[in-house]
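First chain written, first letter: the chains are A, B, C and D, and each begins at residue 1.
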Amino acid sequence: MDKKTAVYICTGCGIGDALNVEQLLEEGTEEFTIDVSKDHPCLCGVEGVEVIKKDIADEGINTVIIGACSYRVNYDVFNFGPDVIVERVNLREQVAWVMPPEDENTQELAEDNLRMGCSKAKDTQLPEPFKAEEEYSKDVLVVGGGIAGMTAALETAKAGYKAILVEKEDKLGGFLGKMKQSVTMPYKELADTGAAEMIAAVEAEEKIKVYTSSTVEKISGGPGIFSVDIKNNGNAVNERAGAVVQATGWVPYDANKLDHLGYGKFKDVITNVEMEEMAAAGKITRPSDGSPVKNVLFIQCAGSRDPEHLPYCSSVCCLVSMKQATYVKEQDPEAVNYVLYKDVRTVGQAEDFYRKAQQDGNIFIRGAATEVGEAGGKLFVEADDELLGENVKIEDLDLVVLAVGMVPASKPAVTPRIKAPADAENADEEGMIEVLPDSGFFANSALNLAYRQGPELPTLKYGFPDSHFICFPYETRRTGIYSAGCVKRPMETAKALDDAAGAAMKAVQCSELTAVGKAVHPRSGDMTYPEFNMNRCTQCKRCTEECPFGAINEDEKANPLPNPTRCRRCGVCMGACPERIISFKNYSVGMIGNMIKSVNVPEEDEEKPRVICLICENDALPALDMAGIKRMKWSPYVRFVQMRCLGSMNLVWIADSLSRGIDGILLMGCRHGDDYQCHFVKGSELANTRLSKVSETLDRLALESERVKFVEVGITDYEKIPKIIDDFMETIEEVGPNPYKGW
Amino acid sequence: MADVQTTNQSILVVGGGMSGITSALEAAEAGYDVVLVEKNPYLGGRVAQLYQYFPKLCPPNCGLEINFRRMRQNSKIRFFTMAEVANISGSEGNYNVTIKLSPRYVNDKCTCCGKCSDACEAEIDNTFNFGMDKIKAAYLPHEFAFPMRYVIDPSIVETEDGKKCQEVCEYGAIELDMAESTFDLNVGAVVWAAGWNPYEAEKIDYYGFGEYPNVITNVMMERMASPNGPTQGKILRPSDGKEVKNIAFIQCAGSRDENHLPYCSGICCLASMKQATYVRERHPDCDISIFFIDIRALDRLEDFYTKVQEDEKIQFIKSKIANISEDEATGNLLLEGENTRTGEQLRMTFDMAVLATGMVPNKIDIAGAPEVAADEYGFVINDPEKAGIYGAGCVRRPTDVASSVADATSSAFKAIQSIARR
Amino acid sequence: MKYFLYWGCSLEASGANFLVSLKPSCEALGMEFLEIEDWNCCGASVSYAGAGDLAIKVANARNLAIAEAEGGYDVVAPCSSCYIQMIKVNHEIKEDPDLLEQVNVCLAEGGLKYRGNLNVRHIQDVLYNDIGVDKIKERVIKPLSGLKVAGYVGCQSVRPYGEYDSVNKPVVQDRLLEALGAEAVPFPNKIKCCGSGLFVPEMDYCMELVKNILEDALNHGAKLISTVCPMCAMNLEIYQNRINDHYGTHFDVPIVYLTQLMAIAFGMDMKKHAALNYNLIPPEGVIHAAIG
Amino acid sequence: MENKMGYNASFAEEVFRNVDSGDEIKMCMNCGVCAASCPLREHMDYPPRQIFSLIRAGKREEVLGSQSIMLCTSCYTCVVKCPRSIPVMDVMHGLAHYALKKGYTPRIEAARFGKEFWNQVYRRGRVDERDLAQRAYFAGGFWEGVKKILEFADVGIKLVLHRRMKLIPEKKIKGISTLRKMLDKAEMLDKGRSVQ
């Protein structure tokens, strides 16, 4: 593309008062080829925009540099269609509103900002969306044929898309199919499970292809172009899909581990799953002798909420026990149910069912079981009754039901071990080490992804595949693969229905976006993608290891094999690459390097230090905007460079900056760790890790380590920003000017 | 004024909170035309008023910012603030909707320079902060407001203040003669994501909210803890601005109570635990008591409960508080209850009490609208037999953000299905 | 406006000053009272010791059945205990048709039948909602200006149904006192229980309840306490000496009925109409001190 | 460990069946609001919520022999605050009635007073306060009665002097015989009849 570039400076909102605009236009654009340069008192107004539009029309301008307010405002006003590159240079929130007006330093800041903008615009290319060679599919592969899986398939079909449903058992239904009845909205009475109708609906739906007695042997490719190998009753079948919903459900917690509650010891101690199956099969009787049950005791949180077993709450067990108590009462109104609980957790309208269970006369005892035993052919349970403050004994029990919790089907019974890296500390004698849940090698076989980073979805601790579980609950770390239902977190029927429909929505959306070469969340709509200049690749594997989304496979020679449809466009690979071979059309190592190079570094005797701040655009940059809107003040010596994610930070920028005489580098990124806020999961953490290697660079240049600093900045931390900057400037002053100035 | 072309292939989303934004974005990113209407002058709804989310203790604006960015770059979504549904008729696949726009008195020329606010002298109650402070009558609803545009309060439109605002605006952004207007839409499906209101704490009269200044609600606590709140993030006693030395959180303030809200509001346990961490962070010496009936921390949220329990300054007392009275001289609050674990009658004095008030759904309340199933509490039931208008988020059940987002995503899909069927 | 006045047993004895003052002051506002023919006792709040729940309900239903047959006017029960017993039956039979049937099976033994069509009203309810503060204000000749009164509501006049006032933060009595020109002092204990019928047998426990109420009233500047219940009035008034002996306090607070204050404010006779001579602790002093 | 309390659902069933309002306690979720709103809670051996817990635990003796069930002042505070709409007061009254019928005599004076009150209703249709007091005083025996009379003589005399105590005994109401028939019938139909 032949660029015709125009620069427009808005002089409104105090910019004109703070800056010498004429000088700015001259100094800030000097080194660049600029075809048109203008200023306007209100660029975002109708007349201002008209000026730009006219230049585009009349002068053939296709690259527009706007020196005005933050890119976060007036985004719609300064949109001139897909063929015009727009680069926004912030002269308001970062300059005019926070710096002293008509000041030399303010002016220099504005000029540097404009230079960086011009440099960036020069290197920016229009995106050319990725188009795979294969034909795209928009079908949704659903793995798991329980309530969530069947719902995902049905909802997909209702929206006019096709679904492929793979179930390992010989029939659909999962746990739903094993249930006698269910308790769901509006939680007044027990309801039919609807399993039979749902199975029939799935089977009747021509848009759904059902594979029972089947497993997914291999999924290769990526969103839009997944190739799925299915083993169907021993036969190999291949299907193509655009996206995947993993609804592999849950397994009950292994009650054999609950021998302190008498399981395995007494025949009449059973799990809630066994209770359900018995009820569904017909009559509830004592397993020991088949005699009728009169007194039943439910032990809640059998395993759940117990650090020795399942530290989390399994969410559904309170309702399940109330449901099963109802079965007992329906069978024999004179029967007595005791429910031994820690907290009754019937949230939302489900409280109504608790009230019903109480109305039915079920006896709720708050406390923990201390012993389960047998006397005279009947069971007894001893418990600390918290509300009586006494140890109590409930005798003459026919049945004790353990409300065992839910374990995601993805969680392996035994944590897999892999060969430990050479420097691992906790490797065993054979040099093996436990796989972390946060890895594609942890979970039980379900998807068998042909991904370099492992065959399954990485999980959070406890084995639930999930990542951003508050704002973006469908985000997993494998693009186009969404988990749904109890594999994601323990949830009751009503929620599983919604969750599955939501996952199907995401799957369909992913296929649609992928088909037109667009990224999915969080950079949804982005049409650029990383391109690899393989000639210079040294097979260092950093990109393939670090990609948070497992987008890059590897050939046997360790050459990266990018799968652009799996890519989320965070740029982590670009930041990881020591050879700078990975670039986006509008974001590259060279581009940012050039921007940094365009910053003027004053001579040492001018006593004007220069600091480059690489700032994450997701959280830290909006926070900086807020600080500007609040008219806070900070040092005029800092130049902010916008990052897609701090994980895209390449160390070469630091080395280049320091060797040019830049006095310090400040990195602002999201919180990492367990409660990370990075929108690309691992970006800020990787940046921080990478930074540990910067010491080599500093040593080589014989520079002080204080010159480079990483700070976590959340979006609401704007009050802290001036202090962070000022503290850093103080450090820089202490360590003195960079000796490389003027080289 | 609004020039919106829609067809029966379009989706209307009512409510610009977390659920509505999610529904709108998910549908739009799948390629559907969406119109989003929000009655406030900004998007973000209730979550925009929160300081942090549990259990990660992260700022809601972080996710909102991403969503606003998704919205900015997506031409399939058009949104209107200060907009409400005035009328709705029709059936699945073909609804005629009238949207009423209240005047903002500020047009899209606003550059957010803030001069009008500087010039304006009149102050109004800051509803964003639940009236805990005042703002100028020419105001930006909050720093992260999206769209970032000022609002002129109707109370100054015909005053000198209004004129002054208009005069100082260099960009001609203030239009004092702006009037209420309406426009019509044709859509194929509607997602009702109008959110919730906190239960009116005054109704639990024995807690003295509105009478004793040091009794506040959980939503007020969020604002108080926010750096952009009425106290710049300081947790202080409303009566005298003193630092709190001990504070009580009263769970089920209205919820699980047949005299008020018979259902459980689902989120209040976690919200209070989260707010206890706010207090801990600011006042490490403050003693915190959380009074509860049952602690309801579902699934992995249990981890957060475990973590908070480990804090020795936070104690959980199983007691519904039966009464609050105020010491008139000190403003201290006497709480009475029964510690049901020990059987002791409890009388404890606190500097401040936070009522964990529950959620009341904003039900569909439009005369002549097609019937949408709801339970006796007003929560929308998505009835497959009456498809076309779908509830999303807390209008369906009281729930946390993650579940609301999941629900909103599913509702977007239901809306798409309504269109696919026609 | 016609009402049945069900005054009950106490208003003929310990609560006589209530009845004596109520009739003229209310009649002055245009209320007309009828007596329920051959009424019986309501059973009050302690009868459960001797009677089952249904028997107590039947006792009350008998009065209602007679009143219903005699014209069906609203039944005004000045005594809170009578009021609550009657209104409770009324409420419960509305919610439970089986109960009404059971009650009628019993009433049939005396040839009576109750259809459940009556309204049971508290005197405060009638004064506030039927007459209204404006009309009361109009009738005031000698405003009780400067008289600081603690309006003691007690329990059963508002709880549990809250038919005309908040159950936890009632205001009606204060509004009525203000209509008479008096100053109703804030008084958090106005809804705290005085011990009711349990006072006599459980005096050791209940004295503290009364002590707290009196103390709270005085601490808030009240010179006298008004009530609308004979049981409250008696418990608050006649044991003050005993409380003083027990706690070393010096209570000497006049306890008056709201209707006594009405009679005074309406310019009626202090004895004949306001029945001040019935009071054990004479209120005349504080009243005269305030209004001259 | 001995001395373990055995849970026994039969007492709960007994209460549900035979005690007026007894089945309402099923709905209790142990929030404690009833106890905390009770004016005499400090004097109760088991506040209402604990009574309900004891019923579910099958502690018959503790419940029917408890002081608390006789210490209800009928103030309705618990009733209006109970989040599960349990008529706590009615339950306490029901339990007291049941306990007395079963021969338990916790808080003997309150029991005598209440019983005598109802006697008056039953005997003459109305209550004579003076007669009630006297009879209640003497219910515990002659000397106890005399002591009480003397103790309360000051109050009695004052009431007489201020025209607030009737000296002439209250007469029976005209319809006393039919009233009694009605009440007898009611007792026959009452919930607790099966254990008379």
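A few notes on this one:
In the analysis below, contacts are C-beta pairs under 8 Å (C-beta built on N, C-alpha and C of every residue); 3 or more make two chains touch, one makes a residue touch a chain.
Source: prediction; values computed, not measured.
When every chain is reduced to the mean of its C-alpha atoms, the one closest to the centre of the whole protein set is B.
Between the chain pairs A-B and A-D, more C-beta pairs are in contact across A-B.
Compared with chain C, the chain whose C-alpha mean position is the greatest distance off is A. As a whole-number value, the distance joining the C-alpha centres of chain A and chain B reads 24 Å.
Chain centres here are Cα averages; for chain A and chain D they lie 63 Å apart. Centre-to-centre separation of chain A and chain C, using mean CA positions: 66 Å.
With centres set at the average Cα position, the gap from chain B to chain C is 45 Å. Multi-chain contact residues, meaning those touching two or more other chains, occur in chain C at positions 168. Residues of chain B found to touch two or more other chains are 206, 256, 294, 318, 340, 343. Residues of chain D in contact with two or more other chains: 29-30, 50, 80, 84. If touching chains are joined by edges, the resulting network of the protein chains shown has some other shape, matching none of path, cycle, star or complete graph.
Chains touching one another form the pairs A-B, A-D, B-C, B-D, C-D.
Chain B makes touch with chain D in their complex at residues 206, 252, 256-260, 293-294, 318-323, 336-340, 343, 345-346. Looking at the complex, you find that chain D touches chain C at residues 20-21, 39-40, 43, 70-77, 79-80, 90, 93-94, 96-97, 100, 107, 109-122, 125-130, 133, 136, 154-155, 158-159, 162-166, 170, 173-175, 178-179, 181-187, 189-192. Against chain A, in their complex, chain B makes its touches with residues 18, 25-26, 29-31, 51, 53, 55-63, 65-67, 69-70, 72-74, 108-109, 111-113, 143-144, 148, 170-172, 226-228, 256, 262-266, 294-303, 306, 318, 340-343, 375, 377, 379, 381, 397-399, 401-403, 405-410, 412-414, 416-417, 420-421. Residues 205-206, 211, 325 of chain B are the ones that touch chain C when the two sit in their complex.
Taken in their complex, chain D has these residues touching chain B: 29-33, 35-37, 41-42, 46-47, 49-50, 80-81, 83-85.
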